[in-house]
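First, the structure itself, so that you have it in front of you.
Order of writing sets the chain letters: A, B and C. Residues in each chain are counted from 1.
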Amino acid sequence: MKVLEFEMDRDEVLDLTPHVQRFVEESGEREGAVLVFSVGSTGAVTTLEYEPGLKKDLPRIMDRIAPYSDHYDHHLTWNDDNGSSHVKAAIIGPSVVVPFRDGRLLLGTWQQIVLINFDTRRRKRKVVLQVL
Amino acid sequence: MKVLEFEMDRDEVLDLTPHVQRFVEESGEREGAVLVFSVGSTGAVTTLEYEPGLKKDLPRIMDRIAPYSDHYDHHLTWNDDNGSSHVKAAIIGPSVVVPFRDGRLLLGTWQQIVLINFDTRRRKRKVVLQVL
Amino acid sequence: MKVLEFEMDRDEVLDLTPHVQRFVEESGEREGAVLVFSVGSTGAVTTLEYEPGLKKDLPRIMDRIAPYSDHYDHHLTWNDDNGSSHVKAAIIGPSVVVPFRDGRLLLGTWQQIVLINFDTRRRKRKVVLQVL
């Protein structure tokens, strides 16, 4: 098990693939699956082609689904401003499991494992990696 | 493996965390990951800050994505009214995998494992817990 | 581990359940969980009641979330037309983990494991199955 930490901006999309690939190599396992889990309820993990266009497209579409400026009951609980962040992260989800063989992640050529910080401010995000 | 059952209202969000934590403790395992899987196609599992505001916000946003009152071809198949429920559950998904260490789930302080009943009526929902 | 390949149309929803059930049987394991992972960033895996109505409803709702005709920065990167496909696949996600017991998948009666091809053209899609 390994815990990574990243300083991330609002709506930043980060490519975790090299970190996960290295972790698999360090594990010494040849075949298995690796769990990638985002700690905290305003971050999410999925796969995406990691290129500058989609790094903007995904957060933009998510903000259309759950606009920052809407009313959220969450704001009444904590006098906070990140109700949209929580909803977006819950929809995409915190975990992804990726198979590997011969020590290599079985991703598509244009498919990367990404962490997204949906919080409304810059913050430190933790990710847990674990071979299952 | 353990199967839990809950009576849940329409759009109810239930905190599974204490159940999953207890299951991990009962397993006797110190380090690993636990699968939380919702049985049935109108329930979903994700993580969320479990507080009264977000318990309303998430179902409201999901109903904007797939409004109850829309036309669904599903209704033509079964003369049913829960096409929106199926679509919402498929988007969020039925499974989440959460790592643990020293017998404790590695969740954020404000991050809970939640089960959502998207069906249009009160019903019994089953969840499978399993240490991987 | 097993890798399956399917030729799929745009917005096609495919029932993977018989394939996954057979794979579990071939594994000889009685109890465990199976990972179903979509290789490539325009495909997604989730569970759904597999019937003709929902096969139309889910892609229709996803296209309302991320309409094909919108502007996507992704198109500027590759002069491509499938920005919406990438966003839809990232939202639903590439992986699902399903428990089994006595050699049977613990799905609901109306719950199937489905692969969706969100790409804008017919293409070959790969899925990895793995007992965890």
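The rule is short, and it goes like this: a contact is a pair of C-beta atoms (placed from the backbone, for glycine too) under 8 Å apart; a residue touches a chain by one contact, two chains touch by 3 or more.
If you're wondering where the values come from, they're calculated on a predicted model, not measured in any experiment.
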| item | value |
| --- | --- |
| Chain contact topology (line, ring, star, complete or other) | complete |
| Superposition of chain B upon chain C: rotation angle, C-alpha, nearest 5 degrees | 120 |
| Whole-Å gap between the CA centroids of chain A and chain C | 19 |
| Chain C: positions in contact with at least two other chains | 65, 91, 93, 97, 132 |
| Complex contact set, residues of chain B against chain A | 31-33, 46-49, 51-54, 56-58, 61-62, 64-65, 91-93, 96-99, 101, 106-108, 110-112, 114, 132 |
| Chain C residues within the chain A interface of the complex | 1, 3, 35, 37, 39-41, 65-66, 72-78, 83, 86-87, 89-91, 93-95, 97, 126, 128, 130, 132 |
